[in-house]
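Note sheet for the following structure.
Naming follows writing order (A, B, C, D, E and F), and every chain is counted from residue 1.
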Amino acid sequence: MPDLVQYEDASAEVRAVYDDIKQTRGVPDVNNFWKALATHPPTLKRTWESLKDVMAPGTLDPVTKEMLYLAVSITNGCGYCIASHGAAARKAGMTEEMWGELLAVVGMANETNKLAFALQVPIDPQFQGKGSKA
Amino acid sequence: MPDLVQYEDASAEVRAVYDDIKQTRGVPDVNNFWKALATHPPTLKRTWESLKDVMAPGTLDPVTKEMLYLAVSITNGCGYCIASHGAAARKAGMTEEMWGELLAVVGMANETNKLAFALQVPIDPQFQGKGSKA
Amino acid sequence: MPDLVQYEDASAEVRAVYDDIKQTRGVPDVNNFWKALATHPPTLKRTWESLKDVMAPGTLDPVTKEMLYLAVSITNGCGYCIASHGAAARKAGMTEEMWGELLAVVGMANETNKLAFALQVPIDPQFQGKGSKA
Amino acid sequence: MPDLVQYEDASAEVRAVYDDIKQTRGVPDVNNFWKALATHPPTLKRTWESLKDVMAPGTLDPVTKEMLYLAVSITNGCGYCIASHGAAARKAGMTEEMWGELLAVVGMANETNKLAFALQVPIDPQFQGKGSKA
Amino acid sequence: MPDLVQYEDASAEVRAVYDDIKQTRGVPDVNNFWKALATHPPTLKRTWESLKDVMAPGTLDPVTKEMLYLAVSITNGCGYCIASHGAAARKAGMTEEMWGELLAVVGMANETNKLAFALQVPIDPQFQGKGSKA
Amino acid sequence: MPDLVQYEDASAEVRAVYDDIKQTRGVPDVNNFWKALATHPPTLKRTWESLKDVMAPGTLDPVTKEMLYLAVSITNGCGYCIASHGAAARKAGMTEEMWGELLAVVGMANETNKLAFALQVPIDPQFQGKGSKA
């Protein structure tokens, strides 16, 4: 188990981040992820500020953002991330049926990605340069 | 470049799949991905039938499904898949702003996934067994 | 731990899949993988039918198919998959010596794959377009 | 394009490796992969000696070894490796039908690996400790 | 090719980031990576500010940071990243010999990582909880 | 848990490798990784000899090599490798602050790698062919 920095042992700099996480999320304590990151305070601060910014409601609603996060975490095989963002997605409104469909899409996408690699498929002319613009 | 099976050279079995793809998607021809898969007809048929089923509208709408597909393809680094499903997502309604937010979430998720691996963070008790149920 | 759907709690639709798995494989109960997938019955059914089809004896014999499956699972770092398909491969005839050689090939392939990425090696003219056809 | 060390420009140490590759494989020249590796002679030598050893016929025949190599390369998305080992597998006897079945297994394995990650399936008691022994 | 936002077409917000990149790095123009990111200005700004912060000299010198960046990029198979950070590493002092040794370490680490997955090696008691603290 | 070959049960061939590891590293016993690899003696011997060669001091000092190894292991999500090479890096001189900076670089590199994939950024002319030479 990694070192986990508890609130009572934390520096003022770390406590300020913990306080912001608790207030933003309305939770009584921060997750282990943040307690582990706190062993390097600059990375704790930078990561939290980026994440708070990126996951805030925008054009995409919070449940869609959490599901995208899950799709990445499943593809990377990150157990901690699936557990914590699975809980966050559920809290944001993901139902059992939505999770089932997410699973189906993520599974198929991983299959077809590998088939596309295997066959080294040339990009169709009509898709050229379209991946990066909406 | 891989072998690409054109409609005029395809067997009846392959043509039947091509016809179904064209009708389902309302397109005049199938993408190179399918033409490359057609070198192994059973895999062409099975993959198309699975994909048609999985990507059909359900609890999740088509644009959400295409964005999940993109999140996986970006994480796997599959250029063909980003190009073809980027186009499909746009057709289904993804705007430039949605694409920008998707990028931000996928980027951050890949960063934090690796931090979670690095720190070997233990799963918080409240997340135990929650990743898999909504 | 995820929700696992036991036979006695399963719907008729799920039981039909479980029965087919048990009969096809000659086992008294299905693995945890299927019990976890059963939380989304359409994905359970589609995945089993694809897998049954793909892993059935063909030009490649079952032990070769299981070893290919293991090569993928090792490369993806999927512990569950290595454990369950390691058992399946052994049942299909993989010996200790075959496993040792598989390990050696998979290890070397992962090393040389990364060296090829690092050096951004251009494809030799004689290999152009040959990856996808036998 | 990376630096490629041609035979005529190579040191005696590099030429000795090139000669061994050409003799072992019965080819008139070495592939670009080796010419790129030759920019660091110790890595060229060590990699070739390991690969020669690992890919030599053993309990597994050469075509099975090449197919395992391809399964890894497809999973890693290494275009160069798929092209060069696709050619090697074909030379060793892989038919179009075998390639099609390999594709099907590799695609499915990537799908089910991700589903196993997503569901964080606990290893069944009967598979405990069996992944690593044949 | 993705949309690339050139300086003359950029908004004031984007120009301010470009100016900071050019000044920090002492270069006459920004790389394509930043021009592509500029299609989503908040992600451009956040990514540049994080990167500037993370890659600044600290306890680790710039060439070590660039080599760590390369080790990740090779493992992920990101061609663009290998090219641009290969150039940055060289500018920061990486010699041909250092690059050769980096390649050797990255290749071996990828091989042994996969062997550790394959064998599902239990963590030795003396390494428990030591991965995350120096 | 995999089979672990203890010294007292090992063949002469395996014992010779164990003895070399213990002497080279100045440790009383070998790690579980080697005991697991010993189930296939040729892979044990080849892997140890390669690793000993690659990790020996060269132009890069041991702590830099161990940090590169860690960067790969974090990117691959290999828990065992992070634990054992985290300990080795610390023994070689990696401080808490160096580990924190390593984490920051590895996290950012994984984020920007995925953004580069997503945007399919074309390689800038000045970086062409520079990734592979120092």
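Criterion: contacts are C-beta pairs under 8 Å (C-beta built on N, C-alpha and C of every residue); 3 or more make two chains touch, one makes a residue touch a chain.
As the structure is a computational prediction, the values presented were derived from the model and not from experiment.
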item	value
Homomeric contact chain B-chain E: same or different residue positions, threshold half	different
Identity of the chain that, by mean CA position, is farthest from chain B	F
Chain A-chain D separation of Cα centroids, rounded to whole Å	33
Distance between the centres, which are taken as Cα means, of chain B and chain A, whole angstrom	19
Chain centre separation in whole Å, for chain E relative to chain D (CA means)	27
Residue numbers of chain D (touch at least two other chains)	1-2, 36, 39, 42-43, 46-47, 50, 54, 75-79, 82-83, 96-97, 99, 101, 103-104, 106-108, 110-115, 117-120, 128, 131-133
Overall pattern in which the protein chains touch one another (line/ring/star/complete/other)	complete
Residues of chain C defined as touching chain F within the complex	77, 96-97, 99-101, 103-104, 107, 118-120
Chain D residues within the chain E interface of the complex	39-40, 42-43, 46-47, 76-78, 131-132
Residue ranges of chain A touching chain E (in the complex, touch as defined)	1-3, 36, 39, 42, 46, 50, 53-54, 128-129, 131-133
Touching residues (chain side chain C, partner chain E) in the complex	70, 74-75, 77, 79, 82-83, 103, 106-108, 110-115, 117-120
Touching residues on chain E, where the partner in the complex is chain F	1-2, 31-33, 36-37, 39, 43, 47, 50-51, 54-55, 58-60, 64-65, 67-69, 71-73, 75-76, 78-84, 86-87, 89-90, 94-99, 101-102, 104-117, 119-124, 126-128, 130-134
